[in-house]
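Next come two complexes, and both contain chain A; in the first it sits with chain B, in the second with chain C.
Showing the complex of A and B:
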């Protein structure tokens, strides 16, 4: 279970990428992938990070694990400021933060045997367990539900679900404190997906792991997370304990996102009010002014166009507070579909047209 | 009224490793103006079966029949098939970027579709129709966007373009193969909404292929559940969700997050699907089935009516009486076979 001790915290983290060819004035375009994000991950908890493709979930995860250098802000891991650590200084910390990736085909080298894929980390960081490396790897394979006799097989000999287990064994090898799971079950069929989710939860209990769980599948995130953070266009727009956010979300975007979640229950699906957002995700190269969600927000008011909201405590307090980044958050009993935006329609039309055409980089 | 009548469709591929029996004797009907959802996991044969109807499975060995509008799509010559495809049957696929030609303007691609079937339509008339279609599927400023290239559209917009193209000649059947799988949930909601709108307006029948039971719950009237190349259960939507007979359907539903209390483990189906080259002799689901008994390993169960409901069929030896079937489920839950 989670304690109140913070394992990883980020404060005001921003990450920009330079993209495209030189413009008219010779300057290159800046893509703001992560913008002023602050969050905390407590020891032993699962923080779910949700949002649509291109919203910056993976970029944020890479900033937090220092796979990317951040442009602004600070990152603290286990009480230590790691924001500006160099490659060599980071290396001992790498064993404490591991990643599991989405694509069980692309994330394993097809020309190497399973034993060496899992065992490489042990070789690089120096074995710390008992027994030979082979014994250690086979023990890991057993823990994640693979047959240890398959030590010498290649990734191609395994199914998608089994490959994801290999990825998990690799992440576990160095006994990390934090595992960043970036869409770990998105590529798997539903029956296999459930097996892998159960495995992740068992491992968390057994090894006292902390997860940052990134997914676009809201049902999965709801099931596995203690707290969730919702991202929109590089910013965290709402965060809080999973039950509060799922039952009483206060940001209009969260509300719309949750209402679009497919439910495998026809009667429940028919009963709910669905809020279909207009338009697409705007380009992070030229994000909208004020609140980044205002061009699509059913509840937008005039000040949303100019004032940039910050993430503020909305309900509760302490580490379990529900926070929202909205000038006019929704109360639990308010219905988003009853609102119409009170900003000039021309602005919305123009923004939708401008953003609808543009490619959104992820 | 039945629009498409598929009987005993078999599709197999010769590979270096042996014969892959991708679709094994499936039969189904699609009614006018209705949506048939075909659900199954990767490799269950759900896409191959509809691709075969469209003549897209080159090199496959195909048998069976598919009656559509007085024509057997399986035995039809390529030119006969071409006269139907695009005109009476529209198709949309999972990945709208690879389904659109990157070097042609979207308008030109829609115009080509229209004029391929009727040369008497002038280019300017076809262009007007293309603009009208883009407007219908909710593309803002269609008269300008018609001259843009696919890369200038977002994923959701591209899928709208695909739907516009598929609907160009007002088909009676739309085959949608995982149309929203590559899209985010908010965009998925927009596209499903659009498909519903198109169906209500034009009375188009839809075959919707998906792995996502949430999408099925949203739009299907009838559901066929596929496993290892066969239809294992077929019923109106609510029967599938609330009174499944086949253990695989039950297992799929049980695997969904959201069906158990948070903090409790999920209830996955054990194991993995069989190889389509080397199928088990009996029921293909038997090795993973929590109800398995001796007969399952020896005989292949055929689809039969269950629960006294003509529309509900299941390929399983378990009791067809609803009370007996429910009692078995309860026993299994008690024994801990399903947590």
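Showing the complex of A and C:
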């Protein structure tokens, strides 16, 4: 399945957005969407990226595909540094990395016919395959399970699942090496989700695709991914092969996240311990000091407040190592619910006070 | 779309539901709008008259510029009222009013449509640029727009015509100059919201250029506001053209023009003796603008069901 050859790698990537209007002294708030993220995607694998809404998954995806300019770090695609390529230089590479978007309604132009939407890539980059553009587009429609006779219809004539197939056909048109799937099924019915996931897996086998699969749905990620990376507030807190992370997660956040995964069997669901985190996701405008997770972490200790942890190998080695960004990672047999939040409350209070004075200072 | 293939897949159930595109739905709504249909019919007649003006006048046996000093005026040299030989009477120079009205339709409607066309084209392009690029491009275009919208139209138009001289080209350009700004503002506003949609990001991730995004992705989403604004702007420009003509700054004489005809009737208080010199050109002008406005309203209601008519069943 996957080789050890790296297709896309990011090292130390950060992305900040300027938000809000200028304050009295001309200072504007900085939102740190992606902070010092490093990851590798190997040829032919599926890397699952999970995390809560607003944790920076989509921003990271857009940095990796260079839809956003990154503020720090480097991005290497297929052995080539693409961090600072301009739009024209990126142009030939666009055909090798494609995206599938979350919203099957918003991602298709409502005023264009399906045939021309799918054929867009061919129109921009020039046809490569045999036959007319129409024939190629209809072939693509067949591959993704659409009726080629619907070539001249508008997106409004299709259901959500069919629309997502249109988005997949569009991404597939130029036979890219990497497809970034940004929550491709989260807007769909569960039954349709399964169809689309299966389609993505079939396509991966057939066309030797590499996926970066973003989702907040743990079951979906577990099913489709070879490796996963867990994101919290702009940082990757844990990564590793999917089975190891799911069975022996070592970061308290991953543990808490996994405990929220629905279990089909109600009896089993009743028995397991749900770990409910204290507080809300902190604002990325003023992330907590030290470990960004410390205000909500049941296992946090004094040094978590001051020391910023780095993503270190925790278990195993080589490309399949399980990495974790935690000063006090959990061992497989440790249970997170046995820890009681000790410093969480005091720190949250201190943070709120600090946030209030920050705007004037910056 | 509706044609059923001869070899339909055996699993596909026969269905009588016909998929209707946005245009088909708009046409269905328009067809129910009686006022708009009548307005459309009136418009069609006026436009046909404008197109076939020479044919109509040769049938009537009248020339719009022929000054019949002998039979076109009464013994005191005053214009003749409506009669069998001149259906709508004659003007101060003994010219047939009907023949001039027929030819005037060409000028009035031609100038109205042409100036609106230019205004809409300029407004759409500038609105796209401002809304898509934002930043300095937007600032410059927005300021330009404010300046144009702040100018008193008639006064500035009079000044422009006075400077550049009287000709149909100048009239068209002057009218266009004062009407692109609103179109640009509408388009800019739409583009600002559209550019945040995911399909624009999708286009960018495919490597589409800015030009392609503006004209292939954004423009098709602007068709409806463009059509609506176009149909509402044409009557405005027809009236403004008539105003210019009335002030003596329209198309140079002797070309027939509705505004110019009213202006001629006003000279020396002639209209006090010859009501038909004001009544017919004024009436046609009102009828045309009314028809265009009602048609524009009907098109807007048909294309944009969100502001649906309250009276519709």
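Here is the rule we go by: the second predicted complex is superposed on the first by the 340 of 362 C-alpha atoms of A that agree within 3 Å, B and C clash if a C-alpha of one lies under 4 Å from a C-alpha of the other, contacts with A are read in each partner's own complex, and residues count from 1 in each chain.
Throughout what follows, contacts are C-beta pairs under 8 Å (C-beta built on N, C-alpha and C of every residue); 3 or more make two chains touch, one makes a residue touch a chain.
For clarity, every value in this text was computed on a predicted model and none was experimentally measured.
Considered on the superposed chain A, chain B and chain C are sterically compatible, since they fit side by side.
In the superposition on chain A, A:189 contacts chain B only, with no contact to chain C. After overlaying the two complexes on the shared chain, residue contacts for A:170 are found with chain C alone; chain B is out of touch. Once the two complexes are overlaid on the shared chain, A:65 sits against chain C while remaining clear of chain B.
Contacts of A:260 after superposition on the shared chain: chain B is touched, whereas chain C is not.
Taking the C-alpha centre of chain A as the vertex, the lines to the centres of chain B and chain C open to an angle of 80 degrees, rounded to the nearest 10.
Contact with neither chain B nor chain C is seen for A:84 once the two complexes are overlaid on the shared chain.
When both complexes are overlaid on chain A, the residue A:274 reaches chain B alone and has no touch with chain C.
Remark: least CA distance from chain B to chain C after fitting both complexes onto chain A is 9 Å. Only residues 52-53, 159-162, 189-195, 197-198, 201-202, 216, 218-220, 222-224, 242-243, 256-257, 259-267, 269, 274, 276-277, 280-281, 349, 352-353, 356-360 of chain A touch chain B when the two sit together in their complex. Of all residues in chain C, those touching chain A in their complex are 1, 5, 19, 21-22, 197-199, 201-208, 212, 216-217, 220-221, 223. Looking at the complex, you find that chain A touches chain C at residues 62, 65, 67, 90-91, 94-95, 98-99, 101-103, 106-112, 120-121, 124-125, 149, 152-154, 156-157, 167, 170.
Within the complex formed with chain A, the chain B residues making contact are 41-42, 139-141, 145, 148, 151-157, 184-190, 193, 211-218, 237-238, 241, 251-253, 255-260, 262, 265-270, 272.
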